[in-house]
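In what comes next, chain A is part of two complexes: it sits with chain B in the first one and with chain C in the second one.
Up next, the complex of A and B:
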């Protein structure tokens, strides 16, 4: 049994539930014959990949749904063997180059070359290009992005790229200018509620609108998460009650506890405890930037208005270092220490003012 | 002939036709063309060069090819006197055989043979000196006159009192040897691990104590080469025609030789080679000494552990392992015997410290005065001796060698020594100076202009274990600014950053650990928080560490910036400790604190493994890893995990399990021991995604299945790769081994 997220994923542009005018644009784009490189961006869970898959289907018909998983092997110039998993149909190939870390440049160049060198078999009935879908483009290294720029131009005749990322800020301008940007905004709360209702109806369930609203609020515009939450709620308790708990993943709870530990006490000893928990989060594969973001969100709720700017500024400072540095723990810990210092000073001043 | 180690191969040339000689020669080595000549020649003179006098000699026809071929391939004129040629080769052959007797120590060797060997052994030095020297004293005199001997050999300690090792350590070893040889429990052969830096007198102590306790030492020495062995074995093969297949070496592996040695030494007495000694020395026991641990054990220590386990069960006498802490960044002893193995084998370990400077000076002075008394060298000044002692870092052997070098007529006037004397004079003018190895370096950091005089003859490159280096940084000391002249106060508006000068240079200390800067930083990062008392200090130190990490982030410039990262991190940490700004400040409430190993690498490794496992298990879902691990997998855990296959279920449970107790104190910390072996890990940011090891997954899902109900322990249930010691079967095998040696 698959998750609802997979089960009720729309497969054609016509079936998309929100951003319908955008869907219409995409349809026109495909029908227009020529098709530029696309850069699809938007927050997580907004439906970027769903849209990409719908577009591909519009391009090639139902053939793109016959997917197969392939292991591609590459050798770097330094003779290191790389293996990357790609998902492909006869018409497209989807790959996440950031899987191979800093060697992503090789993967990008080789993979696109391999795809682009072979023409479409039957170009009379099909489009005369293939599509390469690259996900998590914002996690690509600089080298790889520059390599991509050249490759894009070179194989324009036989191959189109669809780049998917969360934010364009980490994509170099040269690539941004070569692509048609398609922003997929997060669905509004109302749209999410509507979606949840539709899915529940198809499942034969009765979802109280209060619960749907609460789930939508909690999901923060992430439709995937909303559906997952809804499914978890169903497992937890059915029939639904309007005031039941909306369960969250364990790591979020854990992270929230960690944040409250920081607020409770500011001492070196506490910092060590926090560090232990940070290590635990990291070893459970929670990305460092997600931890940083989560911590900031929780900490800000405990902050006075005047502190917020300072805290956010230091968070931005260390988040930037996190991106360019190597060992995430240094930077997260430095942020925690900084927050502790700021917060302690604030408390002490507050007490001083009191007397 | 009662017994012969050599294949009995008799050639009765007179009885055999010449063709057969040709044939045998043909079979031998590559001298086919030569053989033909021989054949032709031997038809004429064959009978004449083998005289009947050789008849009853065991003739081994494998003439060394260099000699024989020379003999044969010469022109005809050489063949005009062939009578002397073969005789000579035969004789040389015999002498090589005689010298090979050493290899042959099977118990069945006859008395006559061993006597013969003794005679030879006595003759060897006589040959060397070209004149027959009879008395021991005379010979020594001759030797010293040549004065090529190292003093370190010449002045080997003879008595317990002469040892430079600390009294207490000597006592320890003494009592151990005494107790263990006297009292002996079955199936628990005592094993002692003697560690310490090289040249601190470990072996010397053992040898002296053994002679004082009248114990016999059986020492393992690594077989020099396999070649000598196999040659000998080849000769044992009686069939001459197989001589050509010498290349099939039937030598044993080092490790099996070692285990055989242990079993044999355990079972049999050493051969009494020295008749005079054996009559006087009625030994009261023996122990086995292993100093050269075969190299192959460094590659897989498990093998050694197994052998020792075996030995512990069936050994009859104490075993002493001597391991020097030579290596730069990791201790050999730790690598060969990790703590858990030490407990497992019930190894007792005694660590010999570097020789104390005062003791070293005493030893050096004694030798110098003895040499001076013999009037060959002028005794070096006390300062020179002192400086040699201090630069030796506790290595007696190298100190004595350095002394010998310094005493030579042609080196005394070396410039360096004079500068050292000058410096030491300056130094000793300071108040009550204690001898300490670090003191030279300390002085340098104070007055940095005199650093270039550091080189002393035979100075040792001192290394520092990570533990000590870390300790030096974390428990840093400041000096009095008045003493080191060049220290300037900061202006008033910066006065809060003003600190007294340090008594050491952090960069030097880190350099001595031979670890990369980044790697050192991870350890500093793991431990620094404990040493700071206020959050503000921690904040500053944390930011410095973050800076340091940023410096080395760029792949291209990492090589150059590595050194700076250490500076930033260590000096940043030291600076940010605002409680110790002055040299008079003392640490409050800081007792000794345990240091810990960095968790970062373990964390990194685990997250990579789970990521790889996740991508593999949930391949069909094709999510990007981040979404998969932060959203999909946690919710699968919440919804209905039972609908997936067991591997997925166990993985999901594992990944989503966090320690429940919100105040759990740092779980899974590994303590950093004094001599912990640390391997400098390679760049960890090269994420080895290619190594999605299926073994990990398989074992993981298996292991997880077992403790599916076990919720609390999430991190540590790696596949139980620890070898379970099964006693019974090994013991059986053991008995079998001994049987084999009995016959």
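Up next, the complex of A and C:
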């Protein structure tokens, strides 16, 4: 039995539930026979991957769904062995080059050249190009992105690239100017509600609209998350009741408690306790930037307007450092300490004003 | 190949390979009819004279084609201004189709070009001497060309290794380095080359070209759409052609391209969304700002795009004083750097817009 997320994933462009105009555009692109390189971007859970797979199906027919997993081996110039997993069909190959860290350039150079230099057999029945899908392009190193540039032009006749990323900010302009950008916006709350209702109907379940609305609000525009939450609710209690708890992940509750601890007391001792909790979170593989954002969200609720600006500035500052630094705990803790300082000063000023 | 190995045969073996390329070329000629070639490739300038707007370079290269010597070249300028096209066209004119493969070595960032490659491949290639005649007896320049595309992504040791090679082999080899940022090329290299800056294409040239393409391809386009296209592409011809092709494909055969479609596919943030953010900034309410920024992020717009459009807007705003503008611009620069480093978009945008809010509502 598969999860609802996979079970009800649309497989053709015609079946997509929202952004129908865009689906029509993609269809026209495919029917035109030619096909530019695509750069698909949007927040996570908005359906980027689904759209890519639908487009591929539109291009090649159901043959793209026969997938196989391959282990590719590469050797870097410094004789280091790399192994990367790719998922491929006869017509396309999908890799996540950022899996190999800073050596991603080698993978890009080798893999795309391998694919691109082989012509499609029997071009009468199929398109005469193959498709390479690269995911998480925004995490590619600079070198790798530069390596893509000329490759994209040179092998245009045998190979098309579909690049998938969350944000184009980190994609170099040279690549952006070679691709057709496809923006996949997150579905609105109404669309999520509608989708939850449809899925539940197909499962033969009855979903009260208040519950659906609450799930949609909690999912923050992430459809995958909404469906998973809905399924979790079903496991928890069925038949649904309108005021049922939408279960949150444990770590969110834990994070909220941590935030309230910080607001309660600002002292080195409390900082030590908070550190313990942060370590706990990190060791459970919660990404550091998620912790940072979660903390900020909770802490800000206790701040005044002017103070908020200051806190946000410092959060942005430390989050940036976190990205370029190595160890997450330093930066999160620095943020907590900074917040304590700001907050304490604010409280003391408030008391001084009273007298 | 076998005909070649048979050694210095008479005319028959020499003729044998000749038909072989013929089908290849005819296939290439046949391709545009059957196969769809991206317009970017199709309308790439074929000769040096076709290169638009870059008069100085064209003048120098034309002199070279007429028979004078070629210096080492360094082309730099923003993407889509015709750097690669220019040198490829020049090389083709110099050597013709057959000799091109022997005489031109093209290395770009997709090839391995660490210091070892410079030492081995580049050096070996540059040491070969070239004759001053083509096989068919016509004269051709007695040197080879090494094109180092995207040279700014070469490491500085690799660049350093080029220095001596460049000087020593001037008799047999010319180098052409192409890059976006001339500052990334080390000083000793730049001083050995004739530098040419490629300017972003002017409005006139660009609209003329785009109209020409539209005519060739039978695409109906509104005058306003061309204006939008040029505004968005900012002098980057490749981008403009790319967008034009995508837009025309979306419109189908009979529809005409309008500026709305172009805005849609380019991922430009709509004006009213930016206006909304600005309005919220003036309202001095953090909660509203938070909600709006979240909305923008959920729509999937890229942080860098918002930044650059917001900057254009800010500079033109009259109700903001110069001092406030400078404070905001400084923050923008920081945010831009942070975004490039991979910081979170939401936090960075919040930091930026809360600065804007502070400046607009609380600056004395």
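The rule is simple: the second predicted complex is superposed on the first by the 355 of 355 C-alpha atoms of A that agree within 3 Å, B and C clash if a C-alpha of one lies under 4 Å from a C-alpha of the other, contacts with A are read in each partner's own complex, and residues count from 1 in each chain.
Note that in this section contacts are C-beta pairs under 8 Å (C-beta built on N, C-alpha and C of every residue); 3 or more make two chains touch, one makes a residue touch a chain.
Quick caveat, the model's predicted, so the values are computed rather than measured.
Once the two complexes are overlaid through chain A, chain B and chain C fit side by side, free of any clash as defined at the top of the document.
By the touch criterion stated above, A:344 is placed in contact with chain B alone, chain C being left untouched. Applying the stated contact rule after C-alpha superposition, one finds that A:169 touches chain C and leaves chain B untouched. After overlaying the two complexes on the shared chain, residue contacts for A:324 are found with chain B and with chain C alike. Once the two complexes are overlaid on the shared chain, A:81 sits against chain B while remaining clear of chain C. Once chain A of one complex is fitted onto chain A of the other, the partner contacts of A:243 are absent, as it touches neither chain B nor chain C.
In the superposition on chain A, contact of A:142 is made with chain C only, not with chain B. Look at A:101: by the touch rule set out above, it reaches chain B but stays clear of chain C.
With chain A fitted onto itself, chain B and chain C come no nearer than 10 Å, counting C-alpha atoms only. Residue overlap on chain A between the chain B contacts of one complex and the chain C contacts of the other covers 324.
Across the interface of their complex, chain A is touched by residues 518, 522, 525, 529-530, 532-536, 538-539, 541-543, 545-546, 548-550, 552-553, 555, 599-600, 602-604, 606-607, 610-611, 614-615, 619-622, 624-627, 629-632, 634-640, 643, 655-659, 662-667, 684-687, 689-690, 692, 715 of chain B.
Chain A contributes residues 25, 28-29, 32-34, 36, 41-43, 46, 77, 108-109, 113, 128, 138-139, 142-143, 146-151, 153-154, 156-157, 167-170, 173-174, 177-181, 183-186, 220-221, 289, 292-293, 296, 300, 305-306, 308-309, 312-313, 315-317, 319-320, 323-324 to its touches with chain C in the complex.
Residue ranges on chain A touching chain B, taken from their complex, read 1, 3, 5-6, 44-45, 69, 80-85, 87, 94, 96, 99-103, 135-136, 222, 224-225, 228-229, 231-232, 234-236, 247, 249-251, 253-254, 257, 261, 266-268, 271-273, 275-276, 279-280, 282-287, 290, 318, 321, 324-327, 329-331, 333-334, 336-338, 340-341, 344.
Listed in rising order, the residues of chain C touching chain A in the complex are 35-38, 40-41, 79-80, 108-112, 114, 116, 149-150, 153, 180, 236, 238-239, 242-243, 245-246, 249-250, 252, 265-267, 284-286, 297-305, 335, 338-348, 350-351, 354-355, 357-358, 362.
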